[in-house]
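Order of writing sets the chain letters: A, B and C. Residues in each chain are counted from 1.
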Amino acid sequence: MSIAEKLAGLGHRLPEAPAPAANYVAYQRMGGLLVISGQVSRLPSGEMLAGTVGGSATAEEGRAAAEVSALNVLAQIAAATGGEIAAVAQVVRLGVFVASAPDFTRQPFVADAASDLIAAVFGPAGRHARAAVGVAALPGGACVEIEATVALVQP
Amino acid sequence: MSIAEKLAGLGHRLPEAPAPAANYVAYQRMGGLLVISGQVSRLPSGEMLAGTVGGSATAEEGRAAAEVSALNVLAQIAAATGGEIAAVAQVVRLGVFVASAPDFTRQPFVADAASDLIAAVFGPAGRHARAAVGVAALPGGACVEIEATVALVQP
Amino acid sequence: MSIAEKLAGLGHRLPEAPAPAANYVAYQRMGGLLVISGQVSRLPSGEMLAGTVGGSATAEEGRAAAEVSALNVLAQIAAATGGEIAAVAQVVRLGVFVASAPDFTRQPFVADAASDLIAAVFGPAGRHARAAVGVAALPGGACVEIEATVALVQP
């Protein structure tokens, strides 16, 4: 089954893999490891889910943004692998950056919207280690940015 | 010798490995590599060492929090490996996030409390690369969060 | 060709590899992988390119700082490998932390000054994945800190 088909069954649409914002690549490979650049919470329409959680954005808006970042991570995984779920041996780590007011401390609640989606797509192969932190600001005013490390099934 | 025995000799007690706060795993393996999720500065009692260094917390309080985060990292290493020091080939990297007021710039002083403990436990195998940064906010109001990458001795 | 020679042709001078600020190592190896500690924007003279972009520093000052951090990353790569460009199989990932005011959102513009230099030195082997985020504060008041993961050519 493909990532796109699995997402469709979950009520989501796999976006096009976003082009890098600048002079880097969206992902890089290293042996059986796939390292995915930070994916911001930008919709396929180009609209950015922007804001600072605990300030201009609510925690629920943060969760919506985390889900969009996770969809963009999935798009990069699909672009790098051909899109079959079976190509992923293990999602190893997500790094989740949440634009946060200094007194907002529920980053795990926000990040779970991404982790839930990754786990729903890959099952046990989607169970990942994670670091979630609250940062001052993100590119383009994004509410959330997520990077990922993924172990691929070796051919 | 076990990590718990070594820590006892250093005047510390190895905590239980904290359960993940949300829908992720405390660590994930990838070949001989162990990737440990961000560990916040929560005591075994459940009390969080909270605060923003340079604001509601002093640098010394930050160091106490970094040590607690490091103990939780050690607890995860012990849970993943069986707890023998000899199972660790090399602590490769620590990522240290310090909740910081914008004018607090002594993150290395805070992070050293963690690095010193890791080095004391593992000796040369504890000499790690590190990135220490000051962030806006951390989960549960934690003063410090630390993630780690560890190379394991292959069986 | 050496990294130093290539940099000279680009109008830059390879600095001495900065000593770690504290109890960690500047880089650690793990098989064919080189993990480089966060390098702050400190000049060989000892002067720190300091400030918060969008506050006490402009975006252009941020770019100058990112370039200095990238030069320090290159110095660590040279120290770890002997300094030949051909020793690097692939720069896999840069983690770019920009000290940012909460309303500064052009971290990619700042980080590109580092990515451009890495790409100019290594060519296709310098095309890296990247996460760029805006943080509250950095060690010593640095404007930029950059960490790196590099795959080495195996002997």
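Here is the rule we use: a residue touches a chain if its C-beta (ideal position, glycine included) is under 8 Å from a C-beta of that chain, and two chains touch if they have at least 3 such contacts.
Owing to the predicted nature of the structure, the values given are computational and were not obtained by experimental measurement.
Arrangement of the chains shown, judged by which pairs touch: all-to-all, with no pair of chains left without contact.
The copies chain A and chain C differ by a rotation of 120 degrees on their C-alpha atoms, rounded to the nearest 5. Centroids of chain B and chain C (each the mean of its C-alpha atoms) stand 25 Å apart. Counting only residues that touch two or more partner chains, chain C has 102, 135-136. Against chain C, the residues of chain B that register as touching in their complex are 33, 54, 90, 92-94, 100-109, 111-112, 115-116, 119, 127-136, 149, 151.
Interface of chain C with chain B (complex): residues 20-28, 30-31, 35-38, 52, 55, 95, 97, 102, 135-142, 145, 147.
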